[in-house]
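Going by the order they are written in, the chains are A, B, C, D and E; count residues from 1 in each one.
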Amino acid sequence: MQNVRNPNLTSSKGTRFMGFLLLVGVPTLVLFAFFLTPEDDNMEDAVRLLYIHVPMAIFAYVAVITTGIGSIFYLWKKSRWWDTVAHASAEIGLIFCGLVLVTGSIWGRPTWNTWWEWGDVRLVTTLVLFLMLLGYLALRQVPANPDLRAKRASVVGIIVAINIPIVNRSVEWWENSTLHQQSSLTDGKLEDLTLFTLFLGLILAGVCYLWLMTHRFRVGWLQTEIENEGAIGVLQERIAEGTASSTETIIKEDGEGEVR
Amino acid sequence: MLRDAWLIAQKDLRIEIRSRIITNQIAPYTLLILVLFGFALDADIETLRDTGPGLFWVSILLVAILAIQRAVDIENSDSAQDRLLLSPVSSFSIYIGKTLGLFLQLLLLEVLMMIAMIALFDSSVDDFLLVSATGVIATIAIASTGTLYGVLATGLGVRETLLPILLLPVLAPVVIGATRAFGDAFGRVNADGWAWVGLLSVVAVLYTLLGMLAYGQLLEEA
Amino acid sequence: MTPVIDLQNSMVLLGRFPALTDLTMLASKGEIIIVKGPNGAGKSTLLRLCAGLLPMKQGTGSVLGFDLTTERMSVRPHVGLLGHKTGLYADLTVEENMGFWAQISNASSADKRSAMDLLGLKGRLESVCVRNLSEGQRRRVSLATLVVQRPSIWLLDEPHAALDKEGKELVDSLIIEASKAGATVLIASHEIDKVGLNQKRIIEIAGGSVVSDTGESHGKENNVT
Amino acid sequence: MLRDAWLIAQKDLRIEIRSRIITNQIAPYTLLILVLFGFALDADIETLRDTGPGLFWVSILLVAILAIQRAVDIENSDSAQDRLLLSPVSSFSIYIGKTLGLFLQLLLLEVLMMIAMIALFDSSVDDFLLVSATGVIATIAIASTGTLYGVLATGLGVRETLLPILLLPVLAPVVIGATRAFGDAFGRVNADGWAWVGLLSVVAVLYTLLGMLAYGQLLEEA
Amino acid sequence: MTPVIDLQNSMVLLGRFPALTDLTMLASKGEIIIVKGPNGAGKSTLLRLCAGLLPMKQGTGSVLGFDLTTERMSVRPHVGLLGHKTGLYADLTVEENMGFWAQISNASSADKRSAMDLLGLKGRLESVCVRNLSEGQRRRVSLATLVVQRPSIWLLDEPHAALDKEGKELVDSLIIEASKAGATVLIASHEIDKVGLNQKRIIEIAGGSVVSDTGESHGKENNVT
């Protein structure tokens, strides 16, 4: 991913393939989700939200964990690559997490008769995750020394990632303070077709994540690249400042340079 | 005179925009306060809707305190205020300028917070005009008093804490009035919203006049 | 002609501390006065008093004909003060700071430009936030805002501080120019010997009052340069 | 090591006592927040008692943000922090010292606020031990995270607003836990208070450890 | 003997700006080096780099044998830095500030007393809050905390600024004493001619790198005073 051949484009063969997959996949998913799968006994048509809600949730996890890993590696290796990964992934994580909240709320309206339930641990922990991501991205937006900002963002990134197991386990830890579904995927309660559609949704969400990630990463990378290119100009200007200040001494300086 | 005021307001807004404070930070902060209340009150949606107007104004007041502190900091961190005093700008213009800057920031915040509240607490607005009028007038009262008390609490080395304790009691009537008016506008309370707006207007005018008179006095001392 | 600055037995309290105890001095139009004295003598306090920023506890005084006890506010627009602090907005760029202060002082943008050029604030520095400047660069910006303001009284608190050699010379020439244009200049400085001014009057203060004044008579006769 | 930490905490406390911030200002501020909520919610005493624990912790959190900002300001206003970094004191000691200072201040505040709440809302404490344990442990979590995030948000010129938006979500679980535990202790909610205290302890230990690890990293940069 | 400060082609970024571009210098034990150069040349940045407060972007460097890229933290306790800012607590009195920094640096209270006496901080000044001091008095307190610390490397950023004549002489004698005791002293200053030191090496920097150095060979031979 590091070598972007054409700096004017952030796409490549790989991303175009992923884009193509999505182009084909999304209509297929819609077809399955809306027409081929049956409606639920008590949730009726609303159940169809499952096919976006769950994949989005899973890949929000993936995105945030990637941010966490990127942050750890940045603190360890101090490499810009990991920093860009962490940043890019957090942005996508925020979008996915937002979609989980939105689809969940829409789903909750018919099934729980409320958009939002303040006492529900999963809902609340998901919202906390969303807010933490907002904070993380706010920190990344602050105009400041890039190295300093990257380091601080990494510390925050790790703390955000710690939240993931809490969101995931919350339904089990506080069984009686949640309306939300516990893991139903693993119980094998789902019908075959539903299960298939759900997996299709998962795969598509995965492709979508990778696709967005590649683009966002490249944009981020190019941004720093451009800034660095600017920096070279500034550097030359700065060096010129020194040479302009006294021409005599430079000759002396050069002489000494050889001795070294 | 108004040109000077506008110059000062513009400068404050530019500094805020420069640091991307409003979009990236204050806006999420308002959201956060609402969410925090949601957590802490652990209430059903009906209660939240009932208390919504109150929470709205208390939150705005708390955020306003932050905004006022920043507005004062801008002038004081490197004693730019002395510089302003030594310029041909009248203390009246300084007052209007600082108030205007604060007013515009707070207004933007209120709009954002209103959207968040409608979304989160699922409230519905019955009387849009009433909401707007209340918002604008209460904000004038908050901004004018805030600017005045901002300098009042400055230069003592303890601003962060002194400001709220001076300011909150003075603005308590504004909060109460605006809450009642919002309650009416949201259709949650059986109050005469416009009567409250009338009261708020009186307070706003009074505070602004007081501010204009007292500000010069305070700056003279400074 | 009345003196521009006229302080008689002035006493100024900072908190409860009498920073100026019993200070008497006169300054006339176009005069350049250097105020020296040990640390804590009251030099900065004297300048702030003349700017109308501090109330006088005892004594009488007037600046530009305005009484310091009753018309302190009217004095202020006519003086320019360069204090220990720069009075700039750290989050605005050099250009923006200059623009703001120029507009506030009703100066034209050509004046602004020339002040910036004079103090070497051109090129990349224009768009750097004041927060990121070096100490000397910040002082230069602060000086530039003063130049734009064209006050009738210049109160300079250690104007040479943090400036490089060329900068110090620049300040000296600025002072001379201002004085020629009829402004009165009061300089608090520990670098008197460095101030390359030929005709200068030195007032030494200690413990909040004048202990010596090379130009006392000079001041009294109201000689104008 | 602990001696250094204590020196730093002591210095912070002395500065706060010097400016009489806590007794004269923060304490009235907390009181004010309670009163303001009383107005805004316009509720009967039963509702206030029910929401009491939540209001208590939200207020403490808002006040804590002020206290954290002051703690950071103390080091930064004249770059004393650089000085500290160049001293033989380890970053670990600095962290512990700053956290300790903050902890003690917040604890004092909580006691004051508790007295005010009992007086104003006429609440009664069923389980005094539970209240104390919750108070101490939640405060450790708040102080340790606050100190860490305090430096994190510093030096970017936007601390006032960045700090709350970073800090509040992280502390939301603490607020929830402490609210539930208080609810039990006040006999208003049927929750297992001690289980929440257990959870709070885990969070407090986790945040403190994280703080110790990350603080050095952040100071290295500074 | 290894040099105390050894910078090879160091580059330091402040934000995105290369404040030091390609700076090479050596300093040995007991040496007194004056760093001069125009405003914004990078003097303060150089001092902060040597203190281990800034990361090096390119080049290599070591201070007291600690590598600046990997062991920056270990350098810090051994250096004393007097910056443009004083690093004091404005709300504490002079006495309390001195007490705190003395205890933090593990200095005895007798040392603290003598440092305060040396810098003229006695009598009423002891119980004045630092916030209320005059500029020069604040600098004196800052210097006193440094004297108490007894660092092996003194990094002084315009140590003469804001001090009165007697204060400036005091600083010179402090520097000579420190150097005699084996400390390396780096002084960034615009007042070189005022620094009354006989044996001094002057490094001139501009645009973030060294343009002249009177004692280059001197440094290389590691002459110890």
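Methods note: contacts are C-beta pairs under 8 Å (C-beta built on N, C-alpha and C of every residue); 3 or more make two chains touch, one makes a residue touch a chain.
What you are looking at is a predicted structure, and each value in this text was computed from that prediction instead of being measured.
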Chain whose mean Cα position lies farthest from subunit B: E
Two chains sharing the most C-beta contacts: B-D
Subunit C and subunit D, separation of their C-alpha mean positions in angstrom: 46
Chain centre separation (subunit D, subunit E; CA means) in Å: 38
Cα-centroid distance, subunit A relative to subunit D, in whole angstrom: 31
Touching two or more other chains - residues of subunit C: 90-91
Subunit B residues counted as touching two or more neighbouring chains: 18-20, 25, 28, 32, 35, 39, 41-43, 157
Contacts with two or more other chains, residues of subunit A listed in rising order: 124, 131, 134-135, 138, 142-144, 147, 234
For the subunit D and subunit E complex, residues of the former touching the latter: 4, 7, 11, 14-15, 18-19, 74, 77-80, 82-89, 91, 216, 220-222
Residues of subunit E touching subunit D in the complex: 51, 53, 55, 72-73, 76-77, 79-81, 83, 85-92, 96, 100-101, 103-106, 145, 149, 151
Touching residues on subunit D, where the partner in the complex is subunit B: 19, 21, 25-26, 28-29, 32-33, 35-37, 39-43, 51, 53-55, 57-58, 61-62, 66, 69-70, 73, 157-158, 160-162, 164-165, 168-169, 172, 175-176, 179
List of subunit D residues in touch with subunit A within their complex: 148, 152-153, 155-158, 162, 165-166, 168-170, 172-173, 176, 206, 210, 214, 217-218, 221
Footprint of subunit C on subunit E - complex, ascending: 14-15, 17, 37-40, 44, 84, 125, 128, 132-137, 139-140, 158, 161-168, 190-191, 194
